[in-house]
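Letters A, B, C and D name the chains as they come in the text, with residue numbers starting at 1 for each one.
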Amino acid sequence: MLSGENIVKSVSDLLHQLYAMVGLSAFKGVLDPIVAAHVMFGFISVFVMFLVWMERKVSAHMQSRIGPNRVGIFGLLQTVADAIKLTIKEDIKPVHRDKIPYYIAPIIAFVATFAGMVVIPFDKGMVVQDLNIGLLYIIAITSFTVIAILSAGWSSNNKFALLGGFRSAAQIVSYEVPLVLSLVPVIMMTGTLRLGGIVEYQSQNHWFVLYQFIAFFIFITSATAEANRAPFDIPEAESELIGGFHTEYSGVKFAMFFLGEYIAVIVSSAVAVTVFLGGWLPPFAFLAFVPGFIWFMIKLLLVIYLVMAFRWTFPRLRVDQLMDFGWKVLIPVAILNILVTGFCVLFFGKGV
Amino acid sequence: MTNEELKTKIESDFKDKVLSATISAQKELIVVVKPESYLFVCQGLRDKSEYAFQHLSCQTAVDYPKENKITVVCHLWSYKYGHQITIKLDVDRANPKAPTLENIWKSANWFEREVFDLYGVIFEGHSDLRRIMMPEDYTKFPLRKDFADDGFIIKPN
Amino acid sequence: MGAVGHYFSSIVMGFWNLVIGLSVTTKYFLRMKTNTQQYPEERLPLPERSRSMIKLIYDGEKDQFNCVACMMCAKACPNSCIKLEGVRQPDGKRRVTTFKLDFSTCIFCGYCVEACGFDALTFVSEEYENSVYQRGSLLQDEQAMKWVRPAHLTPKTEEPAKVAAPAGATAGA
Amino acid sequence: MTDLLLSQIKVNDESQFGTDDYVVNLGPQHPATHGVLRLIVKLDGETVKETIPVLGYLHRSIEKICENRTYPQCITYTDRVDYVSAMSVNLAFALATERLMGLEAPPRAQWLRMIFVELQRLASHLLWMGAFAGDIGALTPFLYGLRERERILDLFEMTCGQRLTYNYIRIGGVMIDILPEFVPKCRAFLDYFEPKIAEYEDLLTYNPIFLERTKGVGVITPEVGINAGVCGPSLRGSGVSCDVRKQQPYLFYDQVKFNECLETAGDCWSRYKVRMRELRESVSLIRQCLDRLEPGPIETKLPPVLKAPPASEIYSRIESSRGEMGIYLVGDGTVKPWKCKYRCASFNNTYVLDQLTRGWKIADIMAVLGSLDMIVPEVDR
């Protein structure tokens, strides 16, 4: 039967045979993660390209336009063309930049978000490393982007970029709190931080979105804010700060910021799918013949569509209102949610 | 209030402060005021409740090189009564100076900057008399009739 | 309803209004109806009155321009972008010899066409791709502006010289 | 290079620990200033301390040009004064000239003018709505607004052949009569358009983020607004009845029924509401005008040479899409105006920007600027 577990198993068997052929069996433990990272990178690159295309198509149809349709069928290769353009264009650098942070920032922005993909289970067993602190790891690693954005804003020696960097620092730090708080009830109910374990818990019960709709809403909102997406895109607010922190970046460096933003969207949507929407589980038991990773991708795309719809529907919040919203709405509601969940767990046991 | 009533009222209220008050062929009330009583008349027109010209609709200037004068023209409008009046003040063309209306109507700030920019009329007491349309290092006053044509203006055939 | 109730009701109402907004965009997304014209492939026919290109009408039968170089168009032009010369023909009528229109300063106001009393200038709505690679190409002469009226188009019955505006404009010289 | 420049900066002991304003230049090239308006903004963190508008980047000396053109030729330049609602400026100049010379357009021309000016108001407000929403961060309404605006421009193009600079409303009438199919097409458009307004309102009006961004932001009190010369929908948002169509009716505005849209709060949201309500009012106005359109001549018989009476002057006002549009003409007995002044709504509305944004955040500059509906060519002329 076609399932993620079987695919991973056969691929790793094949790899191990390959190692044995070239006499590298002893380095199995080192080579496996490298191969996995490359596979993940390839997947992510293609998926981001698809997402960029999808975003442009979604926005186009929302606005009764056509969107990209010149390169490839339905313009599918448009992003490839854009990527080529970005890599071969001139890299314009401000003269008075602070050199080291200026170069490191895009790398951090990309790596920090990309590293989050390690613990995402696409299917049962189809995961690079199912850490037992998976949720904690993702939250920790993705908040590295604030360093990238702040250093990009600082080092560009541009007033708009600096404003964008400061805004981003305040924003990401504030929204980290509701993000974590919205996940706490789930952890309380499942008793595990391992993403695979959370999905397995949902396979025995219902999806968490049924119990924890409020937590789901809070998570999506703060994840959108974490990824600097509209309506929380104040660090790069186009109509105010032109490009925000990446005003002075061009070429490949800009592409890495761009990639980082989309990977952040993927990671946070994937966590939302895993934690609240049952991960690889089919919505009904009789649909189980469809492989799990396909269900995962369908759910992932639906969540990403939601995030895109936010961007193309809503106005942008002001910086102080953004803070108000985070601290005065999301955090109290999240704490209330934790309390209610705590009482439920106490009185009804883990199964609610 | 019709223009005629307004005219008689202004003539009686500001007897020695107004040079002339006429109703033009286009049925507009035009009042030419004496330079020294310009501010007084404007203040009165705004503050007296029977006039209530709260709105400075437009302020500009007209250049008359033959008569050697620049006329500063204000068009006032009353939202309360719906009447209109034109206030004129003649200033010397060689040494154009006029009191500012900025303290009466805020909107005069930019209007007067524009008149200063394009006609060179200096508004005494203005808080921020800088060029507004032309570059700050520009020396000429383009809307004066003797403005040297630097080749910028295409004359029609 | 106290402050707490107001707090929660405002959150719920706000959420509901967000959903209404999302439903509008999602409706358009699902409908997939586009308003785009894919220009080089799809060309819209411009309305007949469209002021897109000025042409000098050439009479194929008589092998001459209709223009008699009366200068009405040049006088009506607010930007003085029309320069023309004419010469008296042996048959006693003036005919245009050179006609130059500088499209870089032309604003397509239509006064020249309205001023023309001899059916010599016209707007052609079919030719609207007027961009050129060199600025100099915008200065067109009578050969570039030559246009033979197709048989299906009839000369305008309305007398253009009656139109009010250029009457005053002619005196502008 | 860097070191050289850094070494030139002298460290002043007194100012070493002092604070300085964070000065940013919004514009002349900036996505939110709708063209080439330049704002020098002094910031304290995110908070605006002062906004200094710098004008003149789009100054084309239209007033000087008009002094060198005949009256009909000036009409072509009025198109460029406010190219988003060119019909209104056309009308303003035509009316001013007619009043200066004692002419009057025939009834059919007047009704046509009303139809086109109100259509232009729709088009202008649609573009404004999109740009305002775009300034605040919602990008989709812009496309929706432009989509409907295109249909209006199609109607214009069908009638007068141009989509942006029409030169349609002339002295003594209009340029050309409408086509027979114009009236049904216009009615069809209005029927199509009216439900769309509800759609825009769904997207924006009660959206909590939009409310947060616009409610209570940039409040113009009636006193400040009147004194600073704010006009049009921007002042009507403060509850001041200032519609020239009601106050000094021109054309046949005294013969049709319409409400002056007034809101009382004076903030960005009120200005938005006023304009959205004006969309509906304009639709009903156009319907009434279409009903009352009767056959007849479209222009008066003009003298062969249009000359203003000597030493004549006129100040004529209309309500353009942006507010009070005044034309001051001085005639000297020749074919050219001695003086031609355009009093534009945007000029005064931009003046008040500094007062409205002090103490607010930098993002509010865009909200306020957008809600004032300023357009740079009209400010700079």
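One rule holds for everything that comes next: a contact is a pair of C-beta atoms (placed from the backbone, for glycine too) under 8 Å apart; a residue touches a chain by one contact, two chains touch by 3 or more.
Worth saying up front: this structure is predicted, and the values here are computed from it rather than measured.
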item	value
Number of hops, chain A to chain B, where each hop joins two touching chains	2
Remotest chain, chain D as reference, centres from CA atoms	A
Chain C-chain D separation of Cα centroids, rounded to whole Å	24
Distance from the mean Cα position of chain D to that of chain A, given in whole angstrom	44
Approximate Å spacing (C-alpha centroids) for the pair chain B, chain C	40
Residues of chain C touching at least two other chains	15, 18, 21, 24-25, 35, 78, 172
Residue list for chain B, restricted to those that touch at least two other chains	155-156
Multi-partner residues of chain A (each touching 2 or more other chains)	62-65, 312-314
For the chain C and chain A complex, residues of the former touching the latter	11, 15, 18, 21-22, 24-26, 28-29, 31-36, 38
Complex contact set, residues of chain B against chain D	24-26, 28, 30, 54-58, 60, 62-63, 73, 75, 77, 79, 82, 84, 86, 105-107, 109-110, 118, 131-135, 142-143, 147, 152-153, 155-156
Complex contact set, residues of chain D against chain C	69-77, 140, 147, 150, 157-162, 165, 167, 170-173, 175-176, 179, 199, 202-204, 206-209, 299-300, 302-306, 335-336
Residues of chain D touching chain B in the complex	55-56, 59, 61, 63-65, 67-70, 73, 99-100, 102, 224, 226-229, 231, 240-242, 247-248, 309, 312-315, 317, 324, 326, 328, 330, 338-339, 341, 343, 347-348, 351, 380-381
Residue numbers on chain D that touch chain A, as the complex places them	1-2, 5, 22-24, 30-32, 46, 133-140, 143-144, 147, 203-204, 207, 209-210, 212-213, 361-366
